[in-house]
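Two complexes come next, and they have one chain in common, chain A, joined by chain B in the first and chain C in the second.
Take a look at the complex of A and B:
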């Protein structure tokens, strides 16, 4: 004869078993949803490689786009991407780091810094196509830079500026105050402290942010399409180096251009499937560029984190 | 020395201030180009007009607004449970070494250019939808599926941060009271971190609303009111991206005006996210 007590114990055991089951069930659900992202990531990459890998070759990197898919290549696209990135880095890096230093080291807590802070967060969330509209209004219509490398680079520079500022601030904030106090105690001025201590120690974090920002800029297409650079470019911008003094030319800044993602988009929009193979091949190159940059940034982050022990 | 210090400070202030004036520049240029047209045809006709035929001068962006929200809603429907489950899993069940790998992979996922997502959607997802569910394949459903993957990194990383920021005593307290691990997560940790989680969802929503290239390739871009998830659609962003290349006159201004609406929506969402993530749980 089972007593009430036995029944209770049985019920409790059942409940515990149920709870354990629920714990395990959720563990499985969590694992599955985590895996979905990675499975997709891998199918995406593998699929791209299967489609495009046979197309990759010397000829693909050294040919201009063409009407014939098997003759077309990405020469003007990768050269354009590198030149645009030079302009982007030259705008976003100095401006972003300077703004970050001011906000962390000088900015007092008043309405102005508060405003700057809110705006930074807002800017990071503004869609890239809106930056394209800004660039069209400011650089193309107002400053008359045309659909040039300068316009493209400046646009992407503005786009990643908030990322650089945020990365700079975060890595400066991670430096303990004792470092600054030690420097002041030895008689250094504020700027000397920043230049000789704060900046060198936060260098790794800032570099990581800059690389991630640039890798995002490499893949951006929408703002560049908005400024009107979706054109057929079968030539290279003018050379950086000239034979006469001063041996450096900046004429390329005003040249029309195309970049990797635009070239890829161009090929995707064609109806012939042969161009889709080209698009996949261009996609592989683009993906490798961004993966390499991201991987480098991740490596840098862990390396610097490991090396510095306060 | 004193002078040099002051000088450097002023220069830095100038740069910091000019960096944030980008927002003012954006507002100045897109409002300057877009607002005159909105006044010309009337805000009501612009926002609630169902006809977008630039050649006849009719500029109604309601189909695009509705399209944007359908796609975003679909993306959130999939992205929120997936992202939240992933964030909880990363925070509660993953050993540090695995967490490091997974977090790096999420960062990689966030760094993949949207043209590549778009291409993949076009050659893999669109034929699947067309063959198994019917319709043109270039549809809101395909767009939502791709977008839900694209917003995952945003939702995961911010939710995970806010879960991690909780004081450990919450978890210890709940476990000590006899709650199971699952009960602790679902009844204590998630509610306590909800402001951060909601902020992550809002930011993911902003990301979905702002996506352009992948949507140009996948949505089909038809200007009409969508009636099902298998319909093709056009969003605010793709409207600008497709037509800006050749638009002139009123048409161009109408595209800037589309940008004004998009900008206002995003600013509203950002403000909401900032307010929510500021709020601390007592």
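Take a look at the complex of A and C:
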């Protein structure tokens, strides 16, 4: 019957219209959610720049903190941040990569590696303050490293270790097994296979993970406060280079320190507005450091992806 | 084609293989001759690739694999606890189903095996790379772009590069696991011609799904079914007067 058929078509049309409406609705909701995040971040950054930008200058980078806001600078903070990051990278990178290689390539799949795996994934989600407490007990009190750059670096190294391990494992796993087989079939040992093939091909991914880990560590405040970084440091750590043989000194490892986020925290907790402006300026510097590192990670990922295609 | 008097290169005795509890190879006894091409045919999942991988112990890369019985290379069991797997794989090279060149330059693909052998002299490496590429009949196509990435080659060229990579290590046996299944007919023909050349110096064992390929290229053929080797004879006999009814059904295309 034609009337029945018409009815059917009308119903189907209605349904399609409804589906289209839902589609539009979801599009709007999605756009709004994205915009909220974006607008908020953008406002924050703009606000930071308006407050802090005029304060940025040569003097700001080369001065120690001071009682007078217009004389205060971030010299000890940015030097401290860089030194702490060096220690962090020097511990987390080799340990994390070695652990990742072990778990992917050497470790047999048994309950022990499973346990390590589960732990590793959970460790990545542990609040950073907990790492701070662990480090306070382990590095400061037990190993007696004191409230030093070494302690700070090791703490942050511990914090990003799971990230490095996970990034390493994921990049290693992305390498097709056929490549390993090709290498083994030529009579290569496990280590030759790893050194000449697995690591070079996964290098981009590993490096990306490392940089993202470091850019997280650079902004961490809580664990660093816990292990006792000072908020007012008016001197630089001992020099890396000495005039006497062997021309390198590691005394700086044991020196007290401060880092950028702590310097900011210190300034923001003062009543004078002028210090708040200093905090904003330091925030810009920290933000640029992080942005630069993330940008570098994206660039590396892009470059290595382009070079190796399976 | 089959010479009866040629010496035996690889021989298996009562070879069994288990993946966990799955009995993948059942009592394989085969004697494969030097400087001859042995083809292994059979339907998918019959164990022929698994068998091939027992010959250079690549099967051990799969967890929970257990092997029983003996595989004799030049009369010596390669499954003894004292066998050095790494040097075994230098003697028994392997070409895989899908071309798997390293994502490095053409030159580096071949040079890697040489470095694994402990050759580090730049001149020697250059000479051997060139020789291997010539032996694998790919030299004229790549001689002017040795430092281009191997993945820029066509699949057929990649497969010949993989053969060159194996030859550089100077093995005694070359195992080929369906080396042409990813290639077009012309590339396939090139590999088959190459096999006839290589046969002069190596024992070749090839797994193939392509019955014509087995008939065209091999001297001996083994027919595998459900983990057993039902028949092993000179290729002509397998294809003209098979003893087992199931072999006949398979080679005449009635199943599989």
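Simple rule for what comes next: the second predicted complex is superposed on the first by the 291 of 310 C-alpha atoms of A that agree within 3 Å, B and C clash if a C-alpha of one lies under 4 Å from a C-alpha of the other, contacts with A are read in each partner's own complex, and residues count from 1 in each chain.
Operating definition for what follows: a residue touches a chain if its C-beta (ideal position, glycine included) is under 8 Å from a C-beta of that chain, and two chains touch if they have at least 3 such contacts.
Here the structure is a predicted model, which means the values were calculated and not measured.
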item	value
Which of chain B and chain C A:187 touches, first, second, both or neither	second
Chain B versus chain C as contact partner of A:268, first or second or both or neither	first
A:37 touches, of chain B and chain C: first, second, both or neither?	first
Partner chain in contact with A:254 - chain B first, chain C second, else both or neither	neither
Residues of chain A touched, compared between chain B and chain C (which is higher)	B
Which superposed partner A:109 touches (first chain B, second chain C, both, neither)	second
Touching partner for A:300 - first (chain B), second (chain C), both, neither	neither
Which of chain B and chain C A:236 touches, first, second, both or neither	neither
Chain B versus chain C as contact partner of A:201, first or second or both or neither	second
Footprint overlap on chain A, comparing chain B with chain C	189
Interfacial residue positions of chain C with respect to chain A in the complex	56, 58, 61, 63, 86-90, 93-94, 96, 98, 100-103, 112-113, 115-117, 151, 162, 165-166, 169
Partner chain C, residues of chain A touching it in the complex	108-109, 176, 178-189, 192, 196-197, 201, 307-310
List of chain B residues in touch with chain A within their complex	1, 4-5, 8-9, 11-13, 15-20, 22-23, 25-26, 29-30, 32-33, 81-82, 85-86, 88-90, 92-93, 100, 102, 104-109, 111-120, 122-124, 149, 152, 180-183, 185, 203, 206-207, 209-213, 217, 237, 240-241, 244-245, 255-256, 259, 262-263, 266-267, 269-271, 273-274
In the complex, chain A residues that touch chain B	19-20, 22-23, 26-27, 29-31, 33-34, 36-38, 40-41, 43-44, 47-48, 51, 95-96, 98-99, 101-103, 106-107, 112, 115-116, 118-123, 125-134, 136-138, 142, 158, 161-162, 165, 189-191, 212, 215-216, 218-222, 225-226, 228, 230, 261, 264-265, 268, 276, 279-280, 283, 286-287, 290-291, 293-295, 298, 302
